[in-house]
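Below is a structure I'd like to ask you about.
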Amino acid sequence: MNPYLPYSARINDAVVETEDGNIKTFRLVLENEEERRKFRQTPGQFAMLSLAGKGEIPIGIASSPTEEGYLMFTVNKAGLVTTALHQMPVGARIGVRGPLGNGFPINTEIKGKNIVIIAGGFAFTTLRATLIYILANRADYGKVTVIYGARTPGMLLYKDEFKEWEKRDDVDVHVTIDQEAPDWTGLVGFVPTVAGEVGPSPENSVALICGPPIMIRFTMPPLEKIGWTDDQVYLSLENRMKCGLGVCGHCNVGPIYPCKDGPVFTRTQVKSLPLEY
Amino acid sequence: MSQINSKITEEIRSKVKALLSAEEIAAFVGFIDGTLPMTARPFTARSPEDADRLVFNSFCVVNPAVYLPPLLKSLEPPRRPTDPLPEGPLPKVGILATGCWSRNISIQLQENQIARERVVVLGTGCRGMVDMRKVGSIIDGREIEKAYELDDRISVSGKGFSEEILLEDVLRDNCLTCICPNPVIMDHRVGGQVPDRRVDNRFPFVDEIESKSLDKRWEWFQNEISSCIRCYACRNVCPLCYCPTCFVDDSRPQWVGKSLDPADTSIFHILRAFHCAGRCTNCGSCETVCPMGINMRVLTSKLTKDVIDLYGTEAGVDSDAPLPLTTYSETDRQDFMV
Amino acid sequence: MNKIYGLERADLEKWLSRWSEKSTVYCPDEGDGRGPASFSGWKVWAGDVLPEIKPGPAKCSIKTFYFPQPESLHTFSTASDDPDAFLLMEAERDRSANVLVGLRPCDARAVYLNGLPYSKDPYFQHRDSRTTLVGFSCLEQCSTCFCQEVGGSPFDTHRLDIAITEIKGRFIAEVLSERGEALVDGAGGAGPASDKEIAELDRLKNEAKVLKSDSGENLKAKELMALYNAGFWDSVADSCLNCGACTFLCPTCYCFDIQDEVVGNKGRRIRYWDSCMFPLYSQHASGHNPRGMKMQRVRNRFMHKLKYFPDRFGPLSCVGCGRCIRECPVNIDIREVLKDLLGVE
Amino acid sequence: MSQSWEPKIIAFLCNWCSYPAADLAGVGRMQYPPNVRIVRVPCSSRVSANLILSALKSGADGVLVSGCHPGDCHYISGNLYARRRFALLKNLIEFIGIEPGRVNFFWAAASEGGKIVEVMKTVSASVKELGPAGRMVKRFDVPARSPQQKFA
């Protein structure tokens, strides 16, 4: 087994997620039947998407292992590879290397607990995988709260799915946008503020937080105020990654490699590291 | 110890100490003794005590002007890239400058990388710096354990040998063809004026290559760069290289491949030299720092020679004359065109 | 108990020519001292006499051998009529067997150290499994050598298959591994070393050991953030040019980058050396750079070698060869940094 | 080299004079060699050394750069700055051993359809004479810089 060699996949579907057109969700199907069966990701893990001739990029897996037969990746157009990926037609060939990293401890530490998912902007992708997984194994978890925000209604991800989740009574969904917008009837305000207002109980709970660093920084004080501690909070670290195997050195944050040891860490762990992410 | 250089060292120390004590400058870029014989480490003195460590000798091979723009920037109060500079005077930096180093400072001024009022130049005449490779070939590659400098000689010794070498025999090639040993800008002088060197041919190596056939020239070039490890020491040590993103780091499009492909390495060296066209002061840092001993200065020398031939300008000598590639003349030669 | 042989120069040359029959034998290539040095630092043994092996490590480290620049990971086609277009295939691997003669213990130790993070890397392991290392112990050290300070020794045998020590014109060869045994078994012509020679070898080894200190254990015991926040990093960074000379000449700097290259309708995915000294190394696609400042990058290089790596794998990721000290354009000396780190409370 | 070999030539033509000249040639049904591939650029001074060397690296057998005649530049003096750079670049690449005929510069006014066709023909013929470019062309059959491959 060569860990550098990607599985071959085809783009099965590509949907533009946001109004600026910069974020697309790709549905990939591995070409080989057996590889498709063997590929079992944990929510929170990522994979290397590989465009021959362009390069590889690490992207969080947005689909849950309970969604069988395909993989979903929500990709922001930023650099060389993502730009090329955005231009690829349905049916095109693409490489997938993974799953990589540790993922959220959904079957260990956080099983049986109340789950609070907090996300901002484009960072909901692996949390979508987590939410889908939790909803598919609903009995294994306590109360589920989702707090998600974006700049404008048009910048929210997975709009149709959110509509479905909002209808359910076994998950408490709060979707917010930064500023008033026409035709928006939902919450208005930054994620940290909304998190403070929702005030999820820390009792037997964990929070999974993904978003821009500034959002994470401001989300913590309101949570800490109501009794949350650092080891209840799970974060996902991002850094430039190349190999995804903890060898090439690029992603190191002090002694740890987010690509191998992470990307998911408790806030306690993150705080013990140099600020190099 | 060399009388001349120890006198310059003393003068540097006292002057820098005074400047730092009076808080006229926030930092001073100079040299201290390295940890190996015959090395000098570029050093940023930030306190009057630091000034006591400064030295000047024949081993100061790195052009300190390379540190100037980033150091000045680091002393500005932190602000976002779009914010304007704060009002009032900003901290100043002192720098040691010989002829070629001062020419680089002059170019940085012309290219608006530094502000004249923030730089205090301690100028000194320079008799040339030592080429370690030349020393190495004289002592047959044996390891030097001790070395000391006299005015016209260096004494080196190691396991089973001890030799005195004439300074003139081991000066760097760029120093042997130096046309400007004394600083072109300075605020304070340390040491005396150095007489101009008699240079019969400024470009002996360029002439040598030019006399070869096309195929031989290609062979020479490929052989020269074949050992390049692309560490970019030549680029990073160059006071002319200050682009925020170097062409080698561009990815869209990628001008230069990243590995050691001969075509990519060729392009790197051609473009690096070409970016110095009309700006290179022949300070020799690029060639000196190359860990693999590549003589890349031949390329910049070729450009310097052509610039003189075609446009008659000497980089950094006259701070009022525009740099040759930032100007033009309607009568520029164009006989190279189809 | 290792087998120890005693050889005359001619016997050793005979060994080399026997090895050449089945493998490619390489020896150090120092160039002629004029013009640029040879990049690889290794050349195929010409088949004549034992090459002169200069004291101290060769100019370029063994990394040029273990991490080809570049290494093709995969190949692919971009031809529109190819049904397998854009499908990455494993690149063909070098199948030859290699014997490296004349490397220094520090370089062999570097292979051992690099093998720790690369334990599951198929390319590294493939190459390592086809390479036999015949090292020469150092009877003479350079002023920049400091292997004893970082856990090595002039007689270190880590990863060596055969260690040769020259004693009074004779060569004492210690066979240290099965691969080494396989080489010696077929080669013949050498008798066991005399008791006197073995005693002399032991004496030399013990003498070298006395110098050994354990900086590694000492640093492991220190608190990470205390070292990270130490005050001296700024002054180290003041001189640094942020070039990659130290990382590229270092035998234990193993970071790489991966990129695709296309020429015509053929493509390859290569990996090639990268250096944490370069700003691009850690820069995100968004433009954010976690190590945007020169000081952070300088610190990362030393912290990785002297703290992060030992915390993870045990030994320091430095073999004390001194190449970075010799070749640093601005004389940044890792021995000073090590001393400074050891002084941090 | 087979008789049928045809060179690939990249022509960087400025938007204001040289490209219209080539256009005029087309309108006037003047034929120019089909191995010239035209890249339109805003001004001849847009053509950096990077572009010229990239063309060679990517397998162009010849490069042609053309702008407005001195004095006619749409941006007043772009071509005059460019002229200095081109002169130095041409000298430098010939200095390191690139054949003089590989990289060519000339001026063409928008009305000079006939002239641009003539130049293309001349350059095409002289590049054909030189044969396929071998220097500074990126290939994969170059051995990697490691001893075992270098000497294999």
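Order of writing sets the chain letters: A, B, C and D. Residues in each chain are counted from 1.
Going forward, contacts are C-beta pairs under 8 Å (C-beta built on N, C-alpha and C of every residue); 3 or more make two chains touch, one makes a residue touch a chain.
In this text the structure is predicted, and so the values were computed from the model without any measurement.
**Q** If you take the chains that touch subunit A and keep only those that also touch subunit B, what is left?
**A** Per touch definition, common to subunit A and subunit B: C.
**Q** Can you name the chain that lies farthest from subunit C, using the mean of each chain's Cα atoms as its centre?
**A** With centres defined by C-alpha atoms, farthest from subunit C sits D.
**Q** If I average the Cα coordinates per chain and compare with the overall Cα mean, which chain comes out closest?
**A** Minimum centroid-to-centroid distance belongs to C.
**Q** Out of C-D and B-C, which chain pair has the most contact pairs?
**A** Ranking C-D and B-C by C-beta contacts puts B-C first.
**Q** Distance between subunit A and subunit D based on Cα centroids, please, to the nearest Å.
**A** Centre separation, subunit A to subunit D: 49 Å.
**Q** On a C-alpha centroid basis, what's the spacing between subunit C and subunit D, in Å?
**A** 45
**Q** Distance-wise, how many Å sit between the C-alpha centres of subunit B and subunit C, to the nearest whole number?
**A** About 32 Å separates the centre of subunit B from that of subunit C.
**Q** Mind checking the centre-to-centre distance between subunit B and subunit D? Centres are C-alpha means, answer in whole Å.
**A** Those two chain centres are 34 Å apart.
**Q** Counting only residues that touch at least two other chains, what does the list for subunit A look like?
**A** Within subunit A, residues 79 contact more than one other chain.
**Q** Give me the residues of subunit B that touch two or more other chains.
**A** In subunit B, 257, 259-261 touch at least two other chains.
**Q** Enumerate the residues of subunit D that touch no fewer than two other chains.
**A** Each of 138-139, 144-145 in subunit D touches at least two other chains.
**Q** So, with touch as defined above, which chain pairs make the list?
**A** A-B, A-C, B-C, B-D, C-D
**Q** Note which residues of subunit B are touching subunit A in the complex, please.
**A** Per the stated touch rule, the residues are 251-252.
**Q** Give the list of subunit C residues in touch with subunit B in this complex.
**A** Spelled out, the residues of subunit C in touch with subunit B are 33-39, 54-56, 60, 69-70, 140, 142-144, 235, 238-239, 241-245, 247-249, 257, 259, 261, 270, 272-273, 275, 278-280, 294, 325-327, 329-333, 335-336.
**Q** Within the complex, which stretch of subunit C touches subunit D?
**A** These residues of subunit C touch subunit D: 24, 26, 29, 39-44, 64-65, 67-72, 94, 96, 98, 261, 263-264, 266, 268.
**Q** How about subunit D: which of its residues touch subunit B in the complex?
**A** Against subunit B, the touching part of subunit D is residues 49-50, 53-54, 57, 70-71, 77, 80-81, 83-100, 104-107, 119, 122-123, 135-139, 142, 144-145.
**Q** Using the touch rule from the top, collect the residues of subunit B that touch subunit D in their complex.
**A** Interface residues on subunit B, with respect to subunit D: 206, 209-210, 214-222, 247, 253, 255, 257, 259-264, 266-267, 270-271, 273-274, 277-278, 299, 302-303, 306-307, 310-311, 324-330, 332-334, 336-338.
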